[in-house]
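What follows is one structure encoded as structure tokens, with my remarks underneath.
In order of appearance the chains are A, B, C and D, and numbering begins at 1 in each one.
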Amino acid sequence: MNIDKWLVRKDSLEKLFDILKQNSKTIYAPATKNGKVSFIETDSFSGITTDYIQTTQSSKEIVFPRTEKILDYTKNRDGMSVKGIDLKDIPEIILWGVRPCDAMGIDGLSAIFNWDYKDEIYNNRLSRVTVLGFSCSKSDEYCFCTSAGGGPGNNAGSDILFTQLGTDGDYLAEVLTEKGSAVVLLASGLFEKAGEIKKEQFLAEVPVRFNKEEIRKKLENSFESELWIEHSLRCLGCGACAYVCPTCACFDIQDEAHGKAGTRVRCWDSCGFSLFTLHTSGHNPRELQSQRWRQRIMHKFSYMPDRLSVYGCTGCGRCSRACPVDMNILEHLISIQEVIV
Amino acid sequence: MTDNLYMPYLMKIEKVTYEAPGVKTFMLKFINEEDQNRFTFKAGQFGEYSVYGVGESTFCIASSPTRKGYIECTFRQTGKVTNALSGCEEGSIIGFRGPYGNTFPIDEWKGKNLLFIAGGIALPPMRCVIWNALDQRDNFKEITIIYGARTVNDLVYKHELLDWERRKDIKLVTTVDPGGESPDWKGEIGFVPTIVEKIAPSSKNSIAIVCGPPVMIKYTFPVLTKLGFQDENIYTTLENRMKCGFGKCGRCNVGKYYVCKDGPVFTLSQLKELPDEY
Amino acid sequence: MVDFEPKIVAFVCNWCTYAGADLTGTSRIKYASNVRIVRFPCTGRIDYMLLLKAFAEGADGIIVSGCHPNDCHYTSGNFHARRRWIMFRSLCDFMGIDTRRIKFSWVSAAEGAKWADIVNTIVASIRELGPYEDYKKVVKKPVKEVSNG
Amino acid sequence: MDDLRKRAKELLESSTVKVVIGYEQGTANKTRALFVEKPEDAVKLIFDSYCVQNLAVYVTKREIRDKGKMAIAATLPVLRSIIQLASESQVNDNNLLVLGITPESKLVEFSNLAEVETFVHQYQIEIDAHNKEILDKLDKMTPAERWKFWIDELTPCFKCYACRAACPMCYCHRCTVDFNQPQWIPVPSHELGNLEWHIMRAVHLTGRCVDCDACYNACPLGIPLNLLTKKMVEEAKVHFGGYQPAIKGEHLMSTYKPDDKENFIQ
């Protein structure tokens, strides 16, 4: 796949933003609120936060919103009229400043949402999103993208990947998809031919901490291991890790009625909650927190690779950052690699 | 099926039959004619039945695929949706999404004896297979049905049990748990596993299909193995909490198998491979 | 808002206020018909969640009324209720819920006139305040197409 | 905190307790909960200014409680939570031993919960100055401004329930939001669902919250939801003279005084 590489001057980034804005595109970019950086609809280039390692939440919210209407119904005298979501209403969105680990997460989501049955709502949202990725020049002890098959400069999932050449240098723009070239066409003046540029030297240093194939093999016969109990003693069973994760796609379907009409809504859910698998009879196949923590790891590092040939983890480390009790997934994966034989 | 996976068919409730305390059977017809003609399913598949404004609930399609023009479902009133469902009368509109899941491999059973073992409210998934087999009766040799419930009143499809009893080409054994019998009860008395042991159907060239509460299944499998049934000839269905029904919402998995996609029908040999998580 | 007819929900206790309202009726005292009365065995049974649900389903004003202290049929129901109302009302005020739209009162079985007066005053004041747009806006926006991060 | 480690080791060796709940070094400069079951692991116990997580949340967690008698390293907020849990009969003397850590970081071992209670009653539940300032700023706003403030703050909430999980007082086996007959609080995290959830949480913690900020520290989005429970602590002071967790004491919201004062009931 030959990626055409362009050079974008440092100060023409703002011009690119304005051109996109003029073309009435909705732009979501990282902005700070309550001391946390999240993707917020932004109108001005100056509103974008730049010195951060990672947003608190992944960009999953844009293609798989936390709450999403899937149908409307109205009861009338002679029956019921039910209307599905009008896929054309889904807005065009530019996702500005997506880290490679988020962009890579989209592959995990797409694998689930297109396993046999095609989820048109998700596919339509994704088709209307243009992902402008920004490589990482900094990382911290939570990041392990290189162990999860990605990297600070990985271009999977991005339509254009910008890599800043040096602290305030110009940007190397790798255009990867038609959506990417559409943006280049829109602002062709800003994209200059780029010579041979070695971007690796400007990327963050992320050491490889484990081998995911090895972990996958070890997980196959570790279902009864004591490790799950030991690791999950301090887990409190909240949903923070699942909701900040770029590849967690589990959802719940709820109905909301207001008088004669109402909606059916799809909203995020987490395997960390005991309600997730509770039967009406009271029986719960996953009663203990250790069983639920095991499900989280097994799904991402064993079931998804087996069934969908894609790992359910991009190594962003968000779940460890967001966890109230410091359940560090990297630490647990390393101990699985060392302890389970 | 429109491109929106989550959009149910609109179904009208044609007939409501009261089966047992808290258990009802709905006969459902598609409101939209083409959906009716285009709709096909196989024995063992399930669907999501929705009451708008309340939610969706998962149970099998209880009518046989050989009977066209309608589908039936039987449910017990336990949760939020089933309570709302049992409040619906004939003529009201509900939603149905499906068919989902895999099927009983009836075609492979041609020329074999069939042993159906059901407990309590688990007769519906079996009834679908039984009628499917009975509608092609000569494909199969001996058909034995062992069906038990807690009390006489809890037996579902009472009228059909009578039909099956009168038929000469089926052996029907109904039982009730000890203490559940009524004075004029002529059937067996005892738990289903003990009755299976007593009847001791031969395992030569035969398939066993077992559905029922987990405790009944747990005690019936060893009996069948003792009678010589091979693990791959014993079929059962698994029940897990479900929301989507097509492998997306991520909650019905047992190990790496999804009950909504790889099930609900499993053989005992498959069950033995599954981790203890159901 | 000339033709705005406020929707008022009244949560009342069965032994005093409901009987009082009944007395209002039998003694032919006219009062605004905007109020929808929900009867409870005691004010102690009136849950704060019901008030929120009333606003969520479109109420513009709420009356919560029961027996005077020491008159409670169950001796302490209204005392417990009073303490809950004090704390819940402070929480609502802190969160910006318009407490002018929630009226708490004691109406005994003999105070038919007082009941009519309470209903009329609250209907008049809510008619002047207008529909509870803020809450309705939150309810109408159940699902943001794409909510921000 | 060597004497904590030494004492923990002794307790485990003499098996007076089956598990010691304390803090250990976590990722980056975070600290996290540690459950010591073997005497030799007691050396991992630490205590420094980063140890703020309220460990009392674990004394009601089934997997820990079923291990047998627990010992817990408890700073002042944790001690308050333990007394509040004791008053709601969740813990008692034969399943919990308390190793107190005073505000001056001195180890004080309590022989029973009554002793813990007398210690806790030396300190009033005080809202810290910074948060008091924010509360005053909010009080000066008009209701419409406060409404806008809270709707903006609560909209990002995605109902991960970390605030519920981290709070020692939220030990219910099945929370009201987990029931669907009736579904009191909408499950989806839209604006109405978030508003009703956070109101319900504040109401259910009224008179029980010990103002330990566990909910705020747990929220991955940094929503200042502890302001709601802090406001209820302040209101309890204004209307009823405040409250202190007390094993045999009355609970603020399940008792009453005939002469409770108010100015809005007609």
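Keep in mind that, in the parts below, a residue touches a chain if its C-beta (ideal position, glycine included) is under 8 Å from a C-beta of that chain, and two chains touch if they have at least 3 such contacts.
Keep in mind the model is a prediction, meaning the values are calculated, not measured.
K.L.:
By the contact definition above, name the pair with the higher C-beta contact count: C-D or B-D.
P.N.:
C-D
K.L.:
Going by C-alpha centroids, which chain is farthest from chain C? Tell me that one.
P.N.:
So the chain farthest away from chain C turns out to be B.
K.L.:
Could you tell me which chain's Cα centre is nearest to the average position of every protein Cα atom shown?
P.N.:
A
K.L.:
Averaging over Cα atoms per chain, report the distance between chain A and chain D in Å.
P.N.:
32
K.L.:
Rounded to the nearest whole Å, what is the centre-to-centre distance of chain B and chain D, using the mean of the C-alpha atoms as each centre?
P.N.:
Inter-chain centre distance comes to 48 Å.
K.L.:
Taking each chain's centre as the mean of its CA atoms, how far is chain A from chain C in angstrom?
P.N.:
One centre to the other, that is 46 Å.
K.L.:
Which residue numbers or ranges of chain A touch two or more of the other chains?
P.N.:
Only 38, 56-57, 66-67, 252, 254, 256, 265 qualify.
K.L.:
Tell me, which residues of chain D touch at least two other chains?
P.N.:
Those would be 156, 183, 186, 188, 190.
K.L.:
Which positions in chain B are in touch with at least two other chains?
P.N.:
55, 79
K.L.:
Report the residues of chain A in contact with chain B in the complex, numbered from low to high.
P.N.:
For this pair, the touching residues of chain A are 70-71, 73, 75, 79-80, 82, 84-85, 87, 112-113, 115-121, 223, 249-257, 262, 264, 266, 269, 271, 276-281, 283, 285-286, 291, 295, 298-299, 302-303, 306-307.
K.L.:
Could you pull out which chain C residues touch chain D in their complex?
P.N.:
For this pair, the touching residues of chain C are 48-49, 52, 56, 69-70, 76, 79-80, 82-99, 103-106, 118, 134, 138-139, 141-144, 147-149.
K.L.:
Show me the residue ranges of chain A that touch chain D in the complex, using the header's touch definition.
P.N.:
Of all residues in chain A, those touching chain D are 33-36, 38, 56-57, 66-67, 140-142, 229, 232-234, 236-240, 242-244, 252, 254, 256, 265, 267-268, 270, 273, 275, 288-290, 320, 322, 324-326, 328, 331.
K.L.:
Quick one: in the complex, what on chain D touches chain C?
P.N.:
So the residues of chain D touching chain C come out as 138-139, 143-151, 155-156, 184, 186, 188, 190-192, 195-196, 199-200, 202-203, 206-207, 228, 231-232, 235-236, 239-240, 252-258, 260, 262, 264-266.
K.L.:
If you look only at chain B, which of its residues touch chain A in the complex?
P.N.:
2-8, 10, 31, 50, 52-56, 78-79, 82, 93, 95, 214, 239-241, 243-244, 246-251, 253-256, 261, 275-278
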